[in-house]
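Letters A, B, C and D mark the chains as written, and numbering starts fresh at 1 in each.
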Amino acid sequence: MSYSFGRSLRVQIFGQSHGEMIGCVIDGLPAGIKLDTDEISAFMARRAPGRDANSTSRKETDVPRIISGLFDGYTCGAPLTAIIENSDHRSSDYGKLKDTPRPNHADFPARIKYGGFADYRGGGAFSGRLTAPLCFAGAAAIQYLRMCGVDIGAHIYRIGGVTDTPFDPLGVKSETLKEISSKPFPVISAEAEEKMKAVIGKARSDLDSVGGIVECAALGVPAGIGEPRYDGIESAIASICFGIPAVKGVEFGLGFGFGSSFGSDANDQMRVSDGDVVFDSNNCGGVTGGISDGRPIIFRCAFKPTPSIARPQTTADLNEMTTTTLEISGRHDPCVVHRAVPAVESAAALAIADLMLAVNGNRHV
Amino acid sequence: MSYSFGRSLRVQIFGQSHGEMIGCVIDGLPAGIKLDTDEISAFMARRAPGRDANSTSRKETDVPRIISGLFDGYTCGAPLTAIIENSDHRSSDYGKLKDTPRPNHADFPARIKYGGFADYRGGGAFSGRLTAPLCFAGAAAIQYLRMCGVDIGAHIYRIGGVTDTPFDPLGVKSETLKEISSKPFPVISAEAEEKMKAVIGKARSDLDSVGGIVECAALGVPAGIGEPRYDGIESAIASICFGIPAVKGVEFGLGFGFGSSFGSDANDQMRVSDGDVVFDSNNCGGVTGGISDGRPIIFRCAFKPTPSIARPQTTADLNEMTTTTLEISGRHDPCVVHRAVPAVESAAALAIADLMLAVNGNRHV
Amino acid sequence: MSYSFGRSLRVQIFGQSHGEMIGCVIDGLPAGIKLDTDEISAFMARRAPGRDANSTSRKETDVPRIISGLFDGYTCGAPLTAIIENSDHRSSDYGKLKDTPRPNHADFPARIKYGGFADYRGGGAFSGRLTAPLCFAGAAAIQYLRMCGVDIGAHIYRIGGVTDTPFDPLGVKSETLKEISSKPFPVISAEAEEKMKAVIGKARSDLDSVGGIVECAALGVPAGIGEPRYDGIESAIASICFGIPAVKGVEFGLGFGFGSSFGSDANDQMRVSDGDVVFDSNNCGGVTGGISDGRPIIFRCAFKPTPSIARPQTTADLNEMTTTTLEISGRHDPCVVHRAVPAVESAAALAIADLMLAVNGNRHV
Amino acid sequence: MSYSFGRSLRVQIFGQSHGEMIGCVIDGLPAGIKLDTDEISAFMARRAPGRDANSTSRKETDVPRIISGLFDGYTCGAPLTAIIENSDHRSSDYGKLKDTPRPNHADFPARIKYGGFADYRGGGAFSGRLTAPLCFAGAAAIQYLRMCGVDIGAHIYRIGGVTDTPFDPLGVKSETLKEISSKPFPVISAEAEEKMKAVIGKARSDLDSVGGIVECAALGVPAGIGEPRYDGIESAIASICFGIPAVKGVEFGLGFGFGSSFGSDANDQMRVSDGDVVFDSNNCGGVTGGISDGRPIIFRCAFKPTPSIARPQTTADLNEMTTTTLEISGRHDPCVVHRAVPAVESAAALAIADLMLAVNGNRHV
């Protein structure tokens, strides 16, 4: 259970890393959205493997084939479904991993949970590969949100301790988001880019991997979106983000920085300017009480380093019940953070679209 | 909508800070749990206001009255419902706040969302007071979990930059959790306690407030609990935690620390010892792929400083649409972090109980 | 689990027949509805016991006490919660039933399901008494729907084989619904009323009980409400109705009569009149494909006879595991159908309000 | 929204009648079920069009292609996904229907709801064709249920007023169900079969269509399955059944017959025989209080006649807003009842599997 999420907009993901196909069904998009499939493909290409020297050499064309939900180019009220072929998988890389769970992977709990029936090839249904259909769904939601005046974009905030220029929490602009999204390596600061790439390169040559943080902004969300308490914007975004493999933390605004802060500094004071309520700062990340307040929504997701590294590691042989040494020989990213950027954007888009539909209703556009 | 959460174990909270009553309904607890109501009351007393010099002087007896779901002292399969009187509220404190939203409170978005119909007294349904019924539900879940071999406990990890001794992520013991829970100010290190109390005292005398971080552990959760992807343990805990007022971040294991880490260090290697799989470390916080792996589950929640401070603050007068100065005169905590500890434990308990019921089924115990 | 239902408007019922209190929480009503509590009480009085010679002599004042969700007389966005005291219960009537399940009651499966922990007094949480909170929720939804132009009303369609004049499926008017709702015994035909009362009277004197059918109409539902397939109007209404004790069938329009019909007769042909699409008939009961089409929504619910009859019945003694004779001595209705009328109206109102909120959004009114 | 249903076992249907593909995702089947795909295909063939003289001449091979969720022949915990090509559709048949809604079809409300963006070809996503993926899901659930000791089968109870021998509500046997399922025209009585076929034949030659009723039995469901009130067995089965196109009524046991019955006759008395509780009758259809009691679960679904008939019908031209005459020329069944039998079985299987998983948990088998 639970390859699905959402209430007013329901997303169902399916597939395994080395199965025949992966894909998703999106149920609840209003009818009448003219979907730009080229834009969807371009969005998905941002997370596809094999695009540059910083990624795995596994290549997937990752062209989604839309098999339902579109009619004459518009969403028609039926579930929007896309399938993606797993064209370039090499299962032989993984056969020997069946009994030797990889550290920090889901291999071990999956084996316990599914009693040996889990598809262990390439992480099976736990693989990062299933962020491809998430990105398909996100790309569709982003097009819907744009019709509602909402823009979403993210950048690499940190990799291996190197930090990019953060978003201006109050003043971040749509143009900035657009510009970043066009970069193969989405950072704001050229200097940070250089350092981050050096860190990744060193990790690669060290047969190591490196973790990072993605920062995401949603602009134009009107005040009043989000339901109180347990269906607030923060809960909705966080619960999808934690479904992206490797995510281990989610914070809004100052986030964990609040742990060292005082109310006199942290409170975002308000005033009236030109007949509008404006804020002096945006420490809250655009959300109070779970509900948007008109400011940019700003959050960050922490990613652990790619677990699959080529160095010898100690693990258990679950068949022999002995300690053994594992050497992983498949193709693996030394860093997934740059490829995870559109997945985080997708999580934000799907959460916000779901909550906007609850407030605005699901009539055709 | 959405004062409720959970799938196999559904919790519905209700009430407003200055309404007649608050309470909750818990639907899905197995029949046959012998509930110790004294233990529930003791648990709730840990978050009740007015217990010590570090808290608001508002006093609520907070005695939950169980009106359904118990029969002869055991859960009977019917929803467990508790109501709590709001005995000591002073709404006159809040009348003047109707048109002047307090910075970092939900006042402003609530007014937009509900068009002036929201109960603004004391934050209405957005108030921290509604963590009382959450703690009732959590206390019941904790008793159920104990029957399943699971223990849950939390401590103050940080207040105003002062950090307590962290939990030993691999070796934390139930006895430690129990001992901490008996303290009025739940920290591990006496030195940290002294410093934290000094920070809170200074914030009080400065008419200021201070934020912090709570760290929580769940011990004894067997491997295989949690559903993959979007209903994993991390998603479930995070989405409830973000429903606790003032929570702005949730992280598991190393969390945001992963952003500066390398796989060679961060990977938790495994071995076989005495016929069992054991781990060398617990950077993942006991969860991989959303699923428990038998290690302690460790996570932290960041809390922003209490927004209500007595210092003059700038805000908008939404009636006059002018900038104005706000001076909040009600009784308010300079710090809620120590009182939030049982709320975080409750979020963990309810999320884990829900996911255990999905795996184990809901038969009577 | 599952004393709750609804997606955009979530209703959570609680309580047991002979527990301390029963009640409900309604989460998702838009803010700004001016609730007429006298009207709610009058609505609930229609299902209350002890009103006339046709009912049980158990008397409950059934005055709901609203403890959250209302502020200055208007819904405020917080969950609307009502509690109702169980003032006049006599548990001693039921003690001896613990081990001897009553035929056609939930006693037997409840004992199996809850392993002897179920509250067996008066049917516990399975009792018809829990239609009181359902009617509270329904009464609130009816007031919301009236603001949307929707009127709902029902009548006794059949009791013990005596049939009332059916609703005119195409021409039924709001005034008719209002008039029926003011009758203590809600039928259209005075002749049918007399015969039905005679049947009930005979059942009473025979120590027997009698079943029946309720017919319900919803007028003014605009075309386009309801989601396709599994969240259509029919699915939503039926799943709530089957949660009313004793309901064993639900049908829309011609319903089971379609089993003997031909398309040439059954098809509701359309034409254009005065610029509007009109139908020549309403065999479909106002719903096609799960979606409203602007016609009156018409459905019927079948109720089995009250299971509790005073005649000696054969049952099992589950303690001794012997066959025994049961004589039920409590106060019981020979017929619940007239008291069930507002419960059916409530099911319709809550289902339709839920589906209208999905289409229209949940903004304050 | 709402091409999905289920809580512990979630089914998501997708596709349009004349789109590229239809299919479904089933999330929540335990790992370790050895799926017999030939049996699935044979089950689906029972509802496929074009098999005999009683059906539409449209032919679809309807071979489901499983693209995820199976590994080495066993369910692996990942969502089970099947896609089915729409190989033999002739959209030209439908083009002219765009503006002229067919009586008793969803055409009219769909046009209102989706504002002209709905895929009108062949009923789009409202088509009976989408019972093919429902049957795929049902066939998988049936194999799971068989491992749990549960057998499900249905027969045509009535067509055009001709009634088959009903199931013996207490004594119906698995062998009988199996035997019926092997018949192309699933009835018990050869005499009824002959008469029903004559009725269908006459409807065909009259350019008419005919409605009917399907009766379904689930054997071997242990007592205690189903959640009380709004997630009972009746609610769960009914809400899926009403998602099958043309279903207009659902009843359990005596169903609407209860409307003319008395408690003294209708109550199913119990006794103890050979150490077991046995019932004297099964008027309740195996469910009391929403919960199974160990008897066969018996219910019936009423189907309206196929709306598409070749006779001239009056309808609206929604473009010209004039009254017009419609002549439908596509290939259409004069009766869908016999093809609907596996769809009803699927609804029962999926509802019962979902509720059994809630009680028993979702561990691998």
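In the analysis below, a residue touches a chain if its C-beta (ideal position, glycine included) is under 8 Å from a C-beta of that chain, and two chains touch if they have at least 3 such contacts.
The structure presented is a predicted model; accordingly, all values stated were derived computationally and were not measured.
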More contacts between chains, B-C or C-D: C-D
Per Cα centroids, the chain farthest from chain D: B
Mean-CA-position distance for chain C and chain B (Å): 38
Rounded Å distance, chain A centre to chain C centre (Cα mean): 45
Between chain D and chain C, distance of the C-alpha-averaged centres to the nearest whole Å: 26
For chain B, residues contacting two or more additional chains: 1-4, 8, 13, 77-78, 110, 113, 125, 224, 228, 358-359, 362-363
Touching residues on chain A, where the partner in the complex is chain C: 7-8, 77-78, 224, 228, 357-363
Footprint of chain C on chain D - complex, ascending: 1-5, 13, 101, 103-106, 108-110, 112-113, 125-126, 130, 157-161, 203, 206, 208-213, 223-224, 226-232, 234-236, 238-240, 242-243, 245, 247-264, 266-273, 275, 277, 280, 283-285, 288-294, 300, 302-309, 311, 313-318, 321-323, 358-359
Footprint of chain A on chain D - complex, ascending: 1-4, 8-10, 12-16, 19-23, 25, 27-28, 31-32, 66-69, 71, 74-79, 81, 83, 110, 113-115, 117-119, 124-125, 362-364
